[in-house]
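Chain lettering (A, B and C) follows the sequence in which the chains are written, and residue indices restart at 1 in each chain.
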Amino acid sequence: MLKSKIKMLQLAVTLLACAFLFVPIVLSVMAGLTVNYFQGISSGLTLKWVFQVWDLYAGSIFLSMWLAVACLFCTLIIGLPAAYGLARHPGWMSRLLEEFISLPLAIPGLALALALLQLYGSMKGFRASWTFILVGHVLYTLPFMVRSILAVLASMDLKTLEEGAASLGASPWQRFRDIVVPNAMPGILAGALTVVTLSIGEFNLTWMLHTPYLKTLPVGLADSYASMRLEIASAYTLVFFILIVPLLMAMQWASARAQRITQ
Amino acid sequence: MTLRLTHTAKTYPDGTEALLPTDLSVGKGEIVSLLGPSGCGKTTLLRIIAGLETPDAGSDIWFDDDNVTALPVERRQVGMVFQSYALFPNMSVRANIGYGLKMQRLPKSEIDARVTEVLEMCQLQPFAARAITALSGGQRQRVALARAIAPRPRLLLLDEPLSALDASLREILRDELAVLLREFDITAIFVTHDQDEAMAIADRVAVMSHGRIVQSGTPEDLYRNPTSSFVAGFVGNAMPLRGKADGTKLHLNGGTLTLPMDGVGQTVFVRAEDVQIIKNGPLRGKVETVTFLGTHYRIGISGIASDTIASIHSGQVAPKVGDTINVSIKPETLMLLPDEADVA
Amino acid sequence: MTNRTFVMACLTPLFIFSLLFLALPLGRLFLASGEGDAGWAVYLDIVRKPRYLNTLVLTVLVSLATTIAALVVSTTAGMFLVRNRFWGRGTVLSVLTLPLAFPGVVIGFLIILLGGRQGLVNQLTPGHVVFAYSAIGLFLGYLYFSIPRVLLTVMAAAEKLDPALEEAARTMGASPYRVVMDVIIPGLMPSLVASGAIAFATAMGAFGTAFTLATNIDVIPMVIYTEFTLSANIAMASALSIVLGIITWILLLIARSLSGSTVAGGG
């Protein structure tokens, strides 16, 4: 009896938490699709607001997508060899470097943005270009990429596999290309999806680094929350959800898969 | 190919001397086993030959007339079978075996032909397209061997190639490996801690202890004429008979034994198969353990020497635990070796 | 190229990038904090001036409340989801982890939809109930992004908890309450501390949510923002950033040493 009572209480808390997280999402989707949210759903459904969002913010959406792709490219170029280097050369130096590049996970984005602004803010060409925002995104997502790959590499006997390839005549570069990269693939995939998802949703750094001519999707969201009517803000949020939720699910699937391999 | 090592040693940065200066020659087509307990330096020696470890200054490694000491592993043209096999999980059996050939930039048709040839030799054709993860332990072992042999290396190196298998499979594959290595007609060195394995496969066994080769010879030679207590104990499990030597007499707790020569300053060894239980043998002892092993019994006897000694008894009936029995040991089966302070 | 050179070459891009865009900017930030009128005493001002001290206290209180609430909710839900298999469990789990990558601004907006002037609660209840722009709204926003993070950490730990331990306690006559207190909670403790630290650190540094909601109240990230953009008090903004960064970094260090992984991200 007591046990089932406890169970009911647990279930109630679980469902309440679900409601707390899900109801506002439903509200936002509804608000983005109703003619007049204040009058309620009885005023009718419409895609008018979504189209209006597209007219107003298509540029922001494309900029975010472009930034995410560029960010993925940079984190791969930097992160893949780095994860390999860290895995092959363990020791206090590598630990320290890994710890250091993980700082952006711990330090609030606002603080990082402030630091970047003060050092590079005066370099006008750089400050005003999209690459400045890109630097912030790479800074923030790079540790996710490195750690995701590193976890997979650390779970296999990389040293012996490489010795095997070397004994068959493979040079360091051939070993990296033929053995390391293919076997790190689950980690690379999980890392890549994480990087894209986080880059598209990044606000804290971007808000400080952006210029009026370079608004990313989340910056546009903040802008619409502050200055647009609720329906447009909601419709824009809806567009964001449509973009981010599939990515998020793919990311969780890939991360779970990579994790299974590392265990 | 002949292999020649001169003055080859390995000292780790922390000062551990894994390998003391060692000389070793291996003739063309010879199969040599490095045998020793763990930590004796046998794997270090193998890895130095492969080029996976850098030896100390002054070491020299010759493949025929080429000094390869400074060459990295990928340019030494050795084939290596790793203890864990190190098969590439991202490649099929065929791709694993063909990898070394691909590294030699051979045309695709030739790679295919040679991989097929090796697959046949190792009886792996049915598994050619499989993933490594879909293979059993024994199949993996054969793929590892096939992969090492496919590029036609100058020298084949095997690091405990059978130790990852379970006991019954190990015995079958041991004999298979001995046959295959002779079929390949290749100079090979393989490392093992298992004396049966070394004896079954190698033409010559080099017994290692504490970073040096203590004796090297044919399996028969090592078994019959060990030059040190360590080799006598490690190869064929000879048991020391500790007692008081008086010329050609050895006084033991259980009686007196005649020696083939003067035994002063020597340790006397005997093997279990040479300890015979006979009604009126000169030595008396008490049966401590009786283990039935199918073809024979193994009987532990106390009271003869200071340690319990074992006897292989092949009669239909065995004595019982607690019985007092008489034992005889023929003088010519005894091995007299100089006393050693440290018997590892 | 030897093996060692190749490995070093692999680390070079990372080294250059983190030097240029992490080490040097952070160094500049630290120097900037001492370049104001107050000099290095700017760090003393944080605790001396009521405006900053009050903000710091409020931020800590809201973050603390968030942490406790998230721990209670997520541990209860997490244990339930690990121990029970039922129809719709996958959906519930998806809903509970969905907000993981939502930016803070979006979460702020969702709270406005709940408790803003046109919000659900205001529409459903008589009278004028608006809480989105108060400390309660902030607390709910922080709770929103903390629940998934804590849940994932706790569930990972709960799955590793050996059910035999519980059964052993039961065979020795322990009541369900005692089993929870003596077996489950101690078993989960490292991950509870770890996920609590994550939740607290994320709440302390959350900017996006505060940016949308904190129009009437001040939390540290908002003060940093206004000091920098409106008051042009760069030294104070830098000093507060550094203090905040050190706090969150230490907390996440604790979390990582206890649970091995962190589910971080901006709030």
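Everything that follows uses one rule, which is that a residue touches a chain if its C-beta (ideal position, glycine included) is under 8 Å from a C-beta of that chain, and two chains touch if they have at least 3 such contacts.
Everything numeric in this text was worked out from a predicted model, so none of it was measured.
With centres computed from Cα atoms alone, the innermost chain of the structure is A.
At the far end from subunit B, in terms of centres built from Cα atoms, lies C. Taking the mean of the C-alpha atoms as each chain's centre, subunit A and subunit C sit 16 Å apart.
Averaged Cα coordinates give subunit B a centre that lies 59 Å from the centre of subunit C. Mean C-alpha positions place subunit A and subunit B at a centre distance of 55 Å.
In subunit B, the positions touching at least two other chains are 72.
The set of subunit A residues that touch two or more partner chains comprises 171.
Taken residue by residue, subunit C touches two or more other chains at 2-3, whereas all remaining positions touch fewer. Residues of subunit C touching subunit A in their complex: 1-3, 6-11, 13-15, 17-18, 21-26, 28-29, 32, 73-74, 76-77, 79-81, 84, 92, 94-106, 108-114, 118, 120, 140, 143-144, 147-148, 176, 201, 204-208, 211-212, 221, 224-225, 228, 234, 237-238, 241-242, 244-245, 248-249, 251-253, 262, 264-266.
Subunit A contributes residues 2-3, 6-7, 9-11, 13-18, 20-25, 27-28, 31, 37-38, 77-79, 81-82, 84-86, 88-89, 97, 100-101, 103-112, 114-116, 118-120, 135, 138-140, 142, 146, 171-173, 176, 197-198, 201-205, 207-208, 218, 221-222, 225, 230, 233-234, 237, 240, 244-245, 247-249, 251-252 to its touches with subunit C in the complex. On subunit A, the positions that touch subunit B within their shared complex are 156-157, 160-161, 163-171, 174, 178-179, 182-183, 185. On subunit B, the positions that touch subunit A within their shared complex are 50, 52, 72-75, 77-80, 82, 84-91, 99-100, 103-104, 147-148, 151, 157.
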